[in-house]
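First the structure, then my questions, so here it is.
Which chain is which? They are A, B, C and D, in the order written, and residues in each are numbered from 1.
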Amino acid sequence: MSGNTIGKLFTVTTFGESHGTALGCIVDGCPPGLAISEADLQIDLDRRKPGTSRYTTQRREDDEVKILSGIFEGRTTGTSIGMVIYNGDQRSKDYSNIKDLYRPGHADYTYDQKYGFRDYRGGGRSSARETAMRVAAGAVAKKYLKQVHGVEIHGFLSQLGPIRAETVDFEQIHQNAFFCPDASKLEALDAYMRDLKKQGDSVGAEVTVVATQVPVGLGEPVFDRLDADLAHSLMSINAVKGVAFGDGFDVVNQKGSEHRDTLTPQGFTSNHAGGVLGGISSGQDIVARIALKPTSSITVPGETITNSGESAEVITKGRHDPCVGIRAVPIAEAMMAITLMDQLLRHRGQNAGVSGPTPPIPGQSPAG
Amino acid sequence: MSGNTIGKLFTVTTFGESHGTALGCIVDGCPPGLAISEADLQIDLDRRKPGTSRYTTQRREDDEVKILSGIFEGRTTGTSIGMVIYNGDQRSKDYSNIKDLYRPGHADYTYDQKYGFRDYRGGGRSSARETAMRVAAGAVAKKYLKQVHGVEIHGFLSQLGPIRAETVDFEQIHQNAFFCPDASKLEALDAYMRDLKKQGDSVGAEVTVVATQVPVGLGEPVFDRLDADLAHSLMSINAVKGVAFGDGFDVVNQKGSEHRDTLTPQGFTSNHAGGVLGGISSGQDIVARIALKPTSSITVPGETITNSGESAEVITKGRHDPCVGIRAVPIAEAMMAITLMDQLLRHRGQNAGVSGPTPPIPGQSPAG
Amino acid sequence: MSGNTIGKLFTVTTFGESHGTALGCIVDGCPPGLAISEADLQIDLDRRKPGTSRYTTQRREDDEVKILSGIFEGRTTGTSIGMVIYNGDQRSKDYSNIKDLYRPGHADYTYDQKYGFRDYRGGGRSSARETAMRVAAGAVAKKYLKQVHGVEIHGFLSQLGPIRAETVDFEQIHQNAFFCPDASKLEALDAYMRDLKKQGDSVGAEVTVVATQVPVGLGEPVFDRLDADLAHSLMSINAVKGVAFGDGFDVVNQKGSEHRDTLTPQGFTSNHAGGVLGGISSGQDIVARIALKPTSSITVPGETITNSGESAEVITKGRHDPCVGIRAVPIAEAMMAITLMDQLLRHRGQNAGVSGPTPPIPGQSPAG
Amino acid sequence: MSGNTIGKLFTVTTFGESHGTALGCIVDGCPPGLAISEADLQIDLDRRKPGTSRYTTQRREDDEVKILSGIFEGRTTGTSIGMVIYNGDQRSKDYSNIKDLYRPGHADYTYDQKYGFRDYRGGGRSSARETAMRVAAGAVAKKYLKQVHGVEIHGFLSQLGPIRAETVDFEQIHQNAFFCPDASKLEALDAYMRDLKKQGDSVGAEVTVVATQVPVGLGEPVFDRLDADLAHSLMSINAVKGVAFGDGFDVVNQKGSEHRDTLTPQGFTSNHAGGVLGGISSGQDIVARIALKPTSSITVPGETITNSGESAEVITKGRHDPCVGIRAVPIAEAMMAITLMDQLLRHRGQNAGVSGPTPPIPGQSPAG
């Protein structure tokens, strides 16, 4: 329950720094019997992987995940699943110049203050490199949710700088390097990113994640509401500065008569709430949006200080994403999957009925 | 660790329904020796209390808190603190008409689906009435943070419907019924609320919470970042649909060169980040904003269904807040205090240095 | 998750000191729909209550429990259950003489060292008085386990000083003030206790708790094995110095051929293991034994020190149990019930099957 | 917080099966700045390693631990520490004959019942092989406790079958393959074990663990008392059936006047309590004893059933320890270290004083 674990029944614990030996995680609490392979996890890891388009960092990271335990004869056994990704293309020397500098907008200063010193190679633990393991763990949750309950999780880039997707076509997401659901914006995005690269600058983005077919009833009020737990998991992603559900910050200027979603015998007629009422899933799509800040790793020179408190100039060379929001799409999907999975197991555990037939004790054979 | 507990070292567990016998909470993990009295807690409870202005519900709730344990000779003993508020003015009959109805925008439907039935009196556990105990618990945290570290927490109404505070004067907050920090907007707010009441409608709001003098170093990456934990605690407040730090959703359209806060030998020159870098407090003010939806308890008639799935019309009479955002101000302060307190204790526990003198074991006398 | 909470899905959080205003607890995670009343809880509270026989303390404590929340129309709603017992007969003056003394064998010294000062009235939080709330919370778990799974929990005094029960008759337990399952020992116990009282001394005891009809499969290896979690909950009872399962410490001198329980098509032929294999319940009776030390509150004079480190003599007058093991019987039952309940919910949550039909989402109506 | 994690601030999460690819763990919450290397961990791993004497299994397991993260320039960084041990000498075929059998005294039956199927190779996750990672994690805690507080942890074999150590010489422990502290018993132990091997049988044992120089004040009543948490961690070790502190089960037949440890201006005059009063460390040695059952992996034929419920005979060939208690010594030390460490950090977090000077925020430089 220290800071590198998330979840209560379905828990994910991670380790690993940008330029250490390896990244890894332990997924605990996955129900037994789920067919899962390294190939299943690799699909999402490849979606997150840098170097796949001209719009993201040109670092090559193979991100090849190895499952070390918890799977037997192709299925989860109900025991903890260990996974590891060895770090390959590290180029530590790229980073030696920032050893004594506090890059503005980075965690260099706060890590040094908190821990007394830091692994300065590529940001160490504060690097978004750790999110690779979130994606691997999330892929386990995604597969279970899909197979057992039909839940699907669709992440996409809903805005990049000033360019906003106006239509959402889930199929389109997988057909472009921006994870953009609106094909009519691709040209503008391409032009914007080329221009940005010339400037040596970066830009923010909004990512939207939609989960469909989510069962009614997930969420544990009053503190572990589904939306509160999702806010925690989504806000824990690097660079995220805001999380919102349904109409989000637009509710500030809405009337009650406008916001409330009408219930009819045929179902809800709108989804301003984003699929959560009173902290519990309503059976409608869960719709979450996150705001990602522009990365501070840019070649535009900036003023800063050294770790001895003296003025200095910083230019982050390295190979960085001009918009970290793009590659955040599979990460946000993973975090939503992990939290939905955890809430699903918690709900099942607590809410077996008292009246009616004895709730089954799972896995118990008649001979038992 | 079920859903009614928040925090890891400084934990708050609550109980109580809108129309049950009492509300209560247990605050566990408060350091010993803190002078605390019921009067200390009552100050914030009175700020949250309904019926204090024409802009909030006219229900009278005395919200008189009683401390049942954990204090001896006026000081905390380090053991768990039990507190209770007995419910007074309940008028259960006001609610009997909604027994079989699912009010749109409320948790009636989701509670029935999750638990199989619900305490329909005034929303039961889903009522914002439970937040009274959050305020009492938060007052303990606030006092400790203030006394030991000088941390102060200022919440205010930054927007109500279309009206936005343009200046922030912390003193002004306590001088008007809106918790508005901009005196020039009070007249407009008054007019807006009168008009809203005539319409029988409600409106959303944005509340901002600022914590000053927060020590550098709070936050436990990668999952329990300070901002992620704050997102959890703030999103767990009734009616909140969005949480953001610093520039929040504005970062979507910012450039890296614009967003990053410059460090100089004299300190930071701006605070776009809202006081958190890499999930760890930077020593700057923590600035969080939350979006609160307009309450669905309005007299504008709405379409809905009964619990047997048939069409029905609903008009929520009762005595409700036309803008729940107003009274959310002390609640948001409380949740920020609880989370900062928890992170402070976690940081202290984990980060005692290895080199240098032996870290003191607190409370141990030389004779021990 | 601070020290006054136990359990993960079914959690119990307690507060209250020996001579404070009240004791209380919050039971969180109880499934909805369980019929429960104050009278249900009072049965076990009365079994624990002092002053009911000549063998226990003559303090009168009414221990009348009030349920403050979480029950609606006689059934649990799935929300947190608040309970309180107001302290009545306190006689604080009895204890003023120990304010500055560290009674040997008590927690006076360690509480002062840990927290810097202590509530010295009757032991404050370290008094076994707090166990009243464990009994109330345990009664909720007991009722659920019995009603839904047929689990019954039988605690009894298996040894007091040199006198050991040689037969176990569950019916007999409820017919004598010793909770002794062997009627042939009652006379000897009575004589022993009269003699002890004359001496002004106290004596240790062993309590055994047996749970029958426990479903196979409870326990979450490798750390939260069923026996490890039970060891935690039973060792947390005041005065307990040892916990053992099945043959317990006798295994030290057993051979493997002797200890292993043979499985036959008709079931197990013995229960040396005490119902747990590999940390998971085997479907046999769970058999736990605990060793309780003799209370240090005796009138035999003892040497000690004051809180300023000077020599002193101590005689504990007050009204104390000469054998705390007797009243520990319902407490031990309660702790076993709480832990079995928690493990039951955890097992259900994690182990819903993947193959076969979709596991039901509890509480969800077809119309959902 | 699922079952493969232990601890709250200093947490250890493990994975790995007997015959899987690798074992691993994540240690989270270790304070920054601790010098630690693979060689530090290997010392205890080698003490636990099988095949080192004629008295333990002849399986060869290199148990070579690799640190994958959390260490930079030889010191802990405060981030999570990933570690892995790849499995070498596996010989899966040795175990194919038990695929469909439920070995008596093993977890075969309960794992199948709980999870629906199991990794039958060498016991899978239920094998004591997983304890290797506990030893590695415990070595981190041990080093911190020793270096910062001078705490030392000494485990030894206090009894094997009928042979009991009568003297305790900490130096002697490291000089014989039995971890026996009484040199006069070595010959008898050797003879006993030779005889046992001829019989093809196994025997139980008692292991004692003593922690010296433990600071006063560790333990979080009422549920997370130091002894309750230690009972949890020690009972979670494979084959343990009993845990006791100080005089343990002997207290059952003790008088209060005999048991209570007298306090004098010079300190305590005895340690019947085993170093814990009211669930809080007293500054005396912590003395814990555990009872380990004889392994069921013996060549004496036994009756059992197959997983289809039919009668069968079982003879466990493989290469097994005739007394698992011997190799349990370093494991028990590790678990005590992990729990002491966790309680130390929790105590530090919660109990910083309120009066007096502002408690330091660790790691913060004056310039911060």
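We adopt the following convention: contacts are C-beta pairs under 8 Å (C-beta built on N, C-alpha and C of every residue); 3 or more make two chains touch, one makes a residue touch a chain.
Predicted model only: the values in this text are computed from it and were never measured.
Counting the residue numbers used at the interface between chain C and chain D, over half appear in both copies, so the two copies meet with largely the same residues. Overlaying chain A onto chain B using CA atoms gives a rotation of 180 degrees, to the nearest 5.
Taking the mean of C-alpha positions as each chain's centre, the chain lying farthest from the centre of chain B is D. For chain pairs B-C and B-D, the one joined by more C-beta pairs in contact is B-C. Centroid to centroid, with C-alpha atoms defining each point, chain C and chain D lie 26 Å apart. Averaged Cα coordinates give chain B a centre that lies 36 Å from the centre of chain C. Separating the CA-averaged centres of chain B and chain D is a span of 43 Å. Among the residues of chain D, those touching two or more other chains are numbered 1-5, 8-10, 14, 29, 32-33, 75, 78-79, 113-116, 125, 216-217, 221, 283, 309, 346-347, 350-351, 353, 362-364, 368.
Across the complex, chain C meets chain D through its residues 1-6, 8, 14, 102, 104-107, 109-111, 113-116, 125-126, 130, 159-162, 199, 201-206, 216-217, 219-225, 227-236, 238, 240-265, 272-274, 277-283, 291-298, 300, 302-305, 309-311, 346-347, 350-351, 353. Chain A contributes residues 1-5, 7-11, 13-17, 20-24, 26, 28-29, 32-33, 66-70, 72, 75, 77-82, 84, 112-119, 124-125, 309, 362-365, 367-368 to its touches with chain D in the complex.
Contacts from chain C toward chain A in the complex involve residues 1, 8-10, 29, 31-35, 75-76, 78-79, 144, 147-149, 215-217, 221, 283, 345-355, 358-359, 361-364, 368.
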